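The structure follows.
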């Protein structure tokens, strides 16, 4: 009987005891002082996702090698959210409540960042956004949210303004079924409608990975637009461009891309069809600015990416901003100072002023929980492809800097609704 | 008149599997249905039990009701139970559950009661389970009640199929080759059970069987089919000497084992 | 009127693309009674293998096509031997093993996609090939790819059809398709036949992948949407019929193009499903339907 | 071997305990389960674990529902995620655009999902196996595409701002509070599934799965049962969807209703045990927890999911539930043979 009893270790009492012991260990682990914890949730399974994810980790870890921030070491964790909101929300919740991070970095996709704002707001964790551009994210008005990239209210407007002034206002739009592509197109035609009184000639969506865009393009061709915007991830964008020539939309119709047009595969896949296409971004690797060129050199050498797109540059900017904020924050990092430390980092982030980005913009944050304060970069770059293929070339058309409150007219109602739902 | 068919026909493509059969069955009768392979016996069963739709012009009446276009479960609700040549027991269900499905129509509570778990439902479930265990004991499978049907031997499965049909408390029991594949000892056993059932519950039975002994020993009247048509009907002795029947069975090339089976009978 | 003609040309051209992929799906169904939900991933792997062969050995396009066929066919045989063998033994179609087969197909599909991600990464790849000037049909410029797709779809269909109906081996395959147990008793090497069917179907997926590559670009998620369209094509044409698969592809391509053209274009992909569902509900045997086996 | 024996004893003890509880009152085990689950938010380590518990509850509802139609009734549907999406979006639209309270939008969402379930159910009258799988896949995908291309439903930006449910001034606006909404619903759902499956209705489902022809001959209304199975599973999906929609952060996006989610759901049901009464519950718990633990290895997550599905189908077709069943059945058979136990006929139904 005794011999048998020995093996009954899986009885419920023991299981509970084991869980309790595990809990204590976990709590003990979480309490180690002097460590600043950063949690990142990014879309990793993309062409360069892995690489800029790695860069974020490397850059922040490098601070430790240099003696840390005010004597504190940094611990960074990276999770993939697949650009799916429920995974992103789970990641953010895990960081906020289990890993007890002091700063949350994420996400890549607007549709993921949008709900995370609510989670982060409730938990009281500062959130630094690397490249979600949807204007609603900051319009929600959470004091915890800071955005490094250019809000779609600026970037699309810049492209729209340029188009309206130099090309025309009869524009057809097709966009892929992801939030960023949709927001790009939407903000574009809203600008044209608001400032030039012309509605979109054609505005339809297609599924990501759609093989045949020609039905859309044929309809567009019959409408004889002055410009055609294809807002989609690189392969869909390239396919759309190529097929727009196949169905016979004349070269005189200007092709416009969304911000994803800057991704490296786009010109390689589209080949000659991409010539003359322009798009907006936060950064161009052809920028002669020495900072930018140094960055390109760095990514080439360390990550094998000679043509970093603005996802890459914004991740870099984000790391620099995070560094500055952490240096300024007065952190205790003891067992029970988590909430205070998080608030300190938030307040430190709010004091960031005049950070010059690789793309030539300036990131200014301030304390108010408004889009004016929290949409850091207000300087989109307009870029044009001058050659397609493996050895593609581009040129910078120009940069515009917007006022902080640009594009917020008539948004009060939406902002109020968003803020209300945030408090819900 | 429990069962009557008029001009019952069914064709598959060009093949007339059942061709204008008029068939009558009295309450309490035990009827044998024989005929060579492909003579339409199983099709006849499938038509009566509603699994096949009969051709235009056919009529089936069960207990005075026109069931020609009834779906199988409605025919079952009239008290018609059947077994299948290929058994078709529910192999991933337990032996007891198989019987419980057979008893489906006599479990007297609705889905709402099931969800709410009313006292009536629980009492009913208890009654049903006890009754089915009794039935299992009667067919000798009580010890296997909690086993999956797939774990039974072929003979046991045949008994189970019979038990499932009995669980339906039928007025009319249609047995499709109940003895196929059984050893002679088990055939005797089965005969005993069938006779026992008939005496105990006063059933009306139709038996399709290749082993003529089964039919000759148990049935008062035998119907013979060939090429989808009824060629003879009468007592076993009458049928045995009927010229058309002998011709149907012997007047064509027969497979070895079929000859053996006939001779055995 | 001009627009309608353009829509028809576009619909036809994309239709043959669907048809080409549907051929392999139909072959597996007619041979093994399996609806293979991982076929989209086989198609994707075939396309990647084609690129890999080109970039490693530098053989011309046609060589890559043949190479991808052989390798993908081999991969298919391995998949069948290692994973599907247990299930194919249990029978496909409506059986419980058939349900396992469907679930297994989904599992296989996501697993293969992940494997491809680990090998080739997430970036889309261009197909390193140029066919020169496109063909002009009315106002539409069709890349030569479509021509090759049409030709190879017809050739594949004809060759397979002849193989299945005229040769002894084809007869054995059809016997296996009809009834595995009986074929086994008749002395047909059933496992070998199953592997053969699976391998050939996977090789056909590779053909599709390599030929469609220049239009579609090659990336790990390319299989899924294509698979759904190809299923629609196979079903509409009559599952299991090779000419039906091609015809079905054309019908699906035309239908969705015309619907997208004259109705809300944003819902383009829904139209193919609607056609699939309607055909299954109204005429499950499809346009060139084979007679469904009666079971009772 | 030793482990096997240990777990066997555990099962045995559980069985005996349950029997004793049932003898007190048929609802007693459920009450005990509720009392055991109720303090969970305080026992669990942190809020994230409570979040996971909530998520598991939603997944249990979904997979239990799917198991009823797929595991018990044998209808191969792969469009379940579409029903889930319909439930979630209906509840969201009702709550946000029509300003209804949760208690109004929940029943409406369930009703709409039931309607959609009936639409999915109709093809099952004519189609089986792979054909049904194709149709349901098409319907499910159509739902997703429709949502992602419809501005009214937030399109790809997602539908945000779904308020937390409230009773008077009490708001279910933390994961801890929400747990007391979703856990009882989950428990009720599991309870009802037990009741349904262990009744006449459940046996009818299984008979339809095993052999529709024989089931019909035994008096089971095959079409009726298929339809009821689809409706029940749709009802579960409706509840799951409405609960998911109103959970923090009150946000829906069509990207969360793709085939990958469907495969995850399949994995839950298959691993837990297709056609096992506990299958959905076991699967949802294990898959969600394992997924969380393996978060760091996202490179391989789909490979892991896919391989587990394939291997389960190949080597463990009845899932974990099936293995447990084997233990119990074997032991009971031996016990009966040795005269140590009564026959199952005398068991209580609930």
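Chains: A, B, C and D, in written order; residue numbering restarts at 1 for each.
What we mean here is this: contacts are C-beta pairs under 8 Å (C-beta built on N, C-alpha and C of every residue); 3 or more make two chains touch, one makes a residue touch a chain.
Computed from a prediction, not measured in an experiment: that's the story for all the values here.
Novice: Counting C-beta pairs in contact, which comes out ahead: B-D or A-C?
Specialist: B-D
Novice: Could you name the chain whose CA centroid falls nearest to the centroid of all protein CA atoms?
Specialist: D
Novice: From subunit A, which chain is the farthest off, judged by mean CA positions?
Specialist: B
Novice: Could you state the distance in Å from the CA-based centre of subunit A to that of subunit D?
Specialist: For subunit A versus subunit D, the centre distance works out to 35 Å.
Novice: Round to the nearest whole Å and give the separation of the Cα centres of subunit B and subunit D.
Specialist: 39
Novice: In whole angstrom, how far does the Cα centroid of subunit B sit from the Cα centroid of subunit C?
Specialist: Once rounded, the distance between the two centres reads 46 Å.
Novice: Identify all positions of subunit D at which a residue touches two or more other chains, and write them in rising order.
Specialist: Only 145, 149, 213, 299 qualify.
Novice: For subunit C, give me the residues that contact two or more of the other chains.
Specialist: Where subunit C meets two or more other chains at a single residue, that happens at 96, 117, 224, 266, 269, 296.
Novice: In subunit A, what residues contact two or more other chains?
Specialist: 45, 205, 207
Novice: Please give the residue numbers of subunit D that touch subunit B in the complex, ascending.
Specialist: It comes out as residues 26-27, 192, 195-196, 199-201, 203-204, 206-207, 209-211, 213-222, 228, 275, 329, 332-333, 336-337, 343-350.
Novice: Tell me, which parts of subunit A touch subunit D in their complex?
Specialist: Against subunit D, the touching part of subunit A is residues 7-11, 23, 26-27, 44-45, 79-80, 82-86, 89-91, 93-94, 96-98, 110-111, 114-119, 122-123, 134, 136, 177-179, 181-183, 205, 207, 417-418, 420-421, 424.
Novice: What part of subunit A is in contact with subunit C in the complex they form?
Specialist: 45-47, 49, 204-212, 214-216, 218-219, 222, 234-235, 238-239, 245-248, 264-265, 268-269, 271
Novice: List the residues on subunit B that touch subunit D in their complex, please.
Specialist: It comes out as residues 49-51, 71-73, 76-77, 81-82, 84, 88-94, 96-97, 100-102, 104-105, 107, 109, 111, 114-117, 121-122, 125-126, 129-130, 132-133, 136, 142-143, 145-148, 164, 168.
Novice: Of all residues in subunit C, which touch subunit D in the complex?
Specialist: The contact residues of subunit C facing subunit D are 29, 34-35, 37, 83, 86-87, 93-94, 96, 98-104, 106-115, 117-118, 224, 228, 231-232, 235, 239, 266-267, 269-270, 273-274, 276-277, 280-281, 284, 296.
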